[in-house]
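Same chain, two partners: chain A is paired with chain B first, then with chain C.
Coming up: the complex of A and B.
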């Protein structure tokens, strides 16, 4: 009776993207979600009466425009508002603002360093080049280096061709960029301490690495390659909060005939004769389908919902060794009014964008040292936004909603998390903001404090890792999530993975979901409904 | 000078000597110029008085590869690999762990770790073996490859896919660029064991166990291990290399400090010494740090601005200090049998301990609990100290090049702190110390002309390895200046007493597209 073509486990944005493309191709698809709402970590919830918190992911920039177009998300209500600036408060009372208007940005850079203003031109051009290169790989399935199949050989040849289009010098610069630390990479361009710290921050978000750890320069790209209206590198905010992204995806999916069941936690993927046959819910109900797709992270998929006996030898060990350490916390704050920041000129537009309070590389690195020792830092890196300034649907008139992403937060402090420790963690963040905004504490009506513990419990992300697995060399491209399993196919026939644990990784991108759909449709010999190639602007 | 010189080599460190010997054996007229009054550079022995002698900055080493020994007939000139020594991971309560060529043992070692260790070593030695063609040749360019470049890449690909097999290759690709911390935590439980292996991965680099790239630095160590086990370094290597080079006709000149490489129309034609003497040759090879070579000896005006800018970006600041102690007797270590006193003793009780020591160096501080690598060379060679006296050589990590508050005021305080830390493991040590020398990275820079006192003439990070070492545009031992080559640790495959940079450079000079 309940016989589906495909069941997708988890209604995160990748699960919904995957399901929508499958449904679009004419399949009968069911998405099952353990929570009473859809979205996974892409949600907006009213956790304080009158306020809407996007309490996990909070900005979208990586979401692929090809997917937006292919699933007609605009018609389903998704509108992305570009963010115009980011800034860092300095301890000496000054600030550095990075505006999207290039002329104003240059003025501001010159105010801090003439040399850096010049270097920024070169920096932008270089980063843009790597963005364009990498973007071409996002919607492609990585080749398997252990395979001799023509398809993998062809894909390797394609990669080689892409790289061959670079000059020799650019090729080495690219490898350096891919393997360097963000601090060292930026020091090749900039000299001003605040500017270095400002542009380093994006590279440690969600990452269990510090600004001096090799491999972090690349993470910058992960954050810089988003598109908002074809504007490379821009960040955007979804009108109505991040829930609008999953809302539009769900609506598109349903318009293609898809079905969603919430409050339905999957406890097992059923396998028979080395083939996935369906899922078992916590209620004991069994659902069958030809294809089962897991949007859960790889560790959870293989250690929790799959049976050890269905896994080939060694895979369970790989799943256990999968690096998925949590490193981030989050505060969602209801404010009685707009806080003031005396360092900024009156009516500065900089409050509209990202605000940071860490003005040296040393402070950033020390916050990482604390995380390595399983402590939260007394001086954390905070990415702060007040989106209610341009999206009045998020808070009552005259009131505001602030979202604070905190790097770093330990998975488990010494002795484990307690509610008291969670609140102490939140207090250090509040104190830091209050250092730059004297009326902030008076305006504070409610704060939801989230540590990796809360992220795991609610969303199901193992250890609260926002990328469903660290973005380190061992877990990128054909290594993501594990070597030999990077092509979205699981260890048994008819079982697939579509979450951020797969290539190209985390961020509200939708690419893993779309790529997995392409592979599934290919196996089923159905017409491809996914965007075939990256559409350059 | 009336005699014709083909090649001038700047610096008689072990790589300069290897390079000189290879070229001399190939029939070239080689002159090797050394500013110190003896050969060896960082591997040269040194003395702190007439009575106490030390084996040099590099106090332990793996044997040179069989190929170099045979090519240069080193055994004929008295080179023998030293007696193998074990590694002891010291525990402050005396529960030490011994890691030898046969395996690992010690009180409280989980049985699981014992068998895991054998398996782990075997796997990583296989990895090190697979990447051998990469180490033993000039690093292949990724564009405009010549035949040897292509061969090296094909051999590497073959070794990885066919030599290791599919599963092993996957594992290699997974771990190649990550940190030793994760890899060791996956494999072992015992902190002393993990600390000891991690020390080998990070010693000499400004990296902690959690720094990505430390599996690669460890694989470089394992490269050396394929030629034989670790032993004490003695003057023997330098002697044999010197004799081999001289026997083949190479000339060595000491006290000759090169101040400038002479260049005309983009071609190097000689060097100028301190004092103004000029020496001419059609090939100049520098064993010095690439940064020193290209900025001080060549000079930015001779280089393309883009290239000069990249030279300025080369990273590498030394983080290891050397403590030499003259002792009036034999030190005792709590819980350590006398038979093991001659081994390599490590104070690196856990990876966390190492990481903490490293953390301080990032902020130009010196940790109160540094990582120590201790040897007592006089137990192996009694000529190093007077009767019943001993010398102790200690690598101290992580010690910053720039110290907050300045080195001048704090150097002796920090040396005494290290001595009292050693006292926690060896209660009688303090009473035995009759003299000491503490070489900070600054002193190492001054003595050995290694920029910022870095052992490897540039960090062994991934972005400064292979075809990017020391920088692209000079990664195949040649430079943009015609006739000027590089042969030191700043070149691929980097530091350690492998002799490979010297050998690869010589082959580059002699081989296709080279200077001959």
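Coming up: the complex of A and C.
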């Protein structure tokens, strides 16, 4: 029987981040992963010979530069190349493009609405203000507002200080921002329906919410607060696909002496005398450790790999009711060449970034309505990218890889998922793209189609929810995943959580993993190996 | 302005005068102004500076944001928008204005041209259409962007009137400062205002872009008789500081673009208290400005002369040599006319007053090596340089 200082369950990016910081602090750490490969939802796989798919997460922005730096991920092979645009095709043959060059961006806004071009200045400043506020909390453990321990009081004071940096009217606006729908929020700024649709898309990605659902305005931040080299809001491609992120993390972890075991599914976290003692694998093998960290989502952690009798009933009740609704699908497509988009002028740079095909808020809301009725959207919202235009490692020369994130896709359509239904869902998406690219279908060599069923079965995300739990106010900060459990500690001693179910939530950030490592090291009275946040004054 | 699908191929727009600047540019130093490509320096900076102060400089003003505001409610609308009392503005006159948001922070400054009854042009530094429309609710007013539909040239300097007269724009001699006249240049209609951003004698010409090059050519056709130079924005920066003019968005953050609380500024704080009329009736920001007026001043954008000749770039201001940091320089120039370092500095007040002493800590390079020096600064209440001839009507003939 092997003895470890810590066992981390799940080799997702947060599990690996957590493990790397523990190993960096000198602990003997094992990561156990049920799949034959590492990465969780941050993975790239060759499912069609010669093509590499980022099967789940597909772009990189939120990953904290502090972690990148502290774990030396650049020398472990990670390169994040900034994306230069995003765009929305219109049904009338036109399109709206958002360019990284500020002058071109302004002209494109002016092409659609002179007023919106000017309002964008106000919008950018306001969103940046909320981003700056939230970014200050990403690498910090949320305070327990009910606690009087000095550290909680200090962290709560920090939180209050951050809010005090806002003016009175800004504070009111921020509270509104947390609770509003993205559609209503954007309507404070923009009037052009394509511009409204374009900027609202990021707020529904991964959520079981529609553009008019309260709480979606905040989700915008999870797509706007990342940065690539200080350009806040910018997105990037990890060269080699998202697997390069987990690959670099794994390599860093191993360089600190960490061990990874794949094909090792944990079926139980062993508890003895209210203390975690190790894990039991599906093979029946038992591994012991002082510390057990779960990278799984909170619902899965407490309802699947812990024995219910080891848990406080109140926690179990919260775990069962944790809001973690699957709403997303994914297509990964191998293409025999670069598809053409006749709406775009020759040499347009807009194929290099995000491409969307939903040009009104009404269509976005209808796509959501389908999901509520347990159907996949007949007219889905797709976030489409062709990263092989930048990245030579994803497809053979002249060939391309397309990633299509699809909102909305039900956890279970009426009668349950079958492979046939999955393919019908995929066909809906393919048809939508083909509406804007006539040669697309001819170029299609292979498509991997993923519904919440595949995401849950393969990755282990409950219901296939990409954020490991909705990013709504009731499940954020000191309420994430549940009140009283927001500081990464589980209900039994030596058991911790480090996944996106914990603060600050989903997106390939690494912050939950690093924050959890800090708490574990603190409990073990070991020196903190996690980085302090970069200043954002 | 109409953009087609290929606008992305060229990030910067070209003004109607662009071809002439290309012909004259020896430096090929260009910069962006309101997404237009304009010269930083056309040929030689000292020549362009002295053209303003000694001869005649011609500058492209087209990128300046221009809004046409008309309708029965136009005057009431503008009076509500800006802090200054413009109820007595007459057709054919221009006035300098500043406008604020509800919190009394400056959104922008500019000039109001009354072109006729119920017909105004508002010139602004920044993009204002969104704010102008938001402010228009309840007013019988029509607001159009005419930035790209009106070409504009600044013709500035002591010989500017003589140049324009020689170029065929007659009946200009009686035009007073801040006056507007609809005239002709040959047979081309040109609106001329006696305005500028240089502090010198000068005019601004407003025309149909289709006629822009003909007007330009008419002016430069008298180059044999007068010393005329096309001018870039670097020379403008020098003369506008000498003249004591501020530039929102550069000397201080404009309210709508401000992210950090407290980084925006009120008109009082940027030295524009003289255009705030709290007695004229309600206007946007008045409540906040009334409250601010009742409190001791916190800070002021202050004109300062910095002793010595070290090049003043970005520098902190202290309340004494080795003292406490109390402000920062926002813009500065060496004045070739005054042989002095002039600057605008954002200075925190102590007990509602400017600190008794002001010192700048100047970091400067000599042959790539950095040095640091203290220089005492002296506040200056008036514009640094105002030649008397600038307001003479008729202007001095050359």
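By our rule, the second predicted complex is superposed on the first by the 533 of 537 C-alpha atoms of A that agree within 3 Å, B and C clash if a C-alpha of one lies under 4 Å from a C-alpha of the other, contacts with A are read in each partner's own complex, and residues count from 1 in each chain.
We take it that contacts are C-beta pairs under 8 Å (C-beta built on N, C-alpha and C of every residue); 3 or more make two chains touch, one makes a residue touch a chain.
The model shown is predicted, which means the values in this text are computed figures rather than measured ones.
By the document's definition of touching, of the two partners only chain B reaches A:180; chain C does not. When both complexes are overlaid on chain A, the residue A:372 reaches chain B alone and has no touch with chain C.
Of the two partner chains placed by the overlay, neither chain B nor chain C lies in contact with A:292.
By the touch criterion defined above, A:73 reaches neither chain B nor chain C.
In the superposition on chain A, contact is made by A:169 with both chain B and chain C. Residues common to the contacts of chain A with chain B and with chain C across the two structures: 167, 169. On the side of chain A, the complex with chain B involves touching residues 145-146, 163-164, 167-169, 171-172, 175-176, 179-180, 184, 188, 209, 212-215, 314, 321, 323, 362, 365-366, 369, 372-373, 472-474, 478-479, 482-484. Put simply, chain A touches chain C in their complex at residues 94, 97, 99, 101, 103-104, 106-108, 110-111, 114-119, 121-122, 124-125, 128-129, 132, 165-167, 169-170, 344-345, 347-349.
The touching residues of chain B, when paired with chain A in their complex, are 141-144, 161, 166-167, 169-171, 173-178, 182, 186, 210-213, 313, 315, 352, 355, 359, 362-363, 461-463, 467-468, 472-473. Across the complex, chain A is touched by residues 1, 3, 5-9, 11-13, 32, 35, 103, 126-131, 133, 145, 256-262 of chain C.
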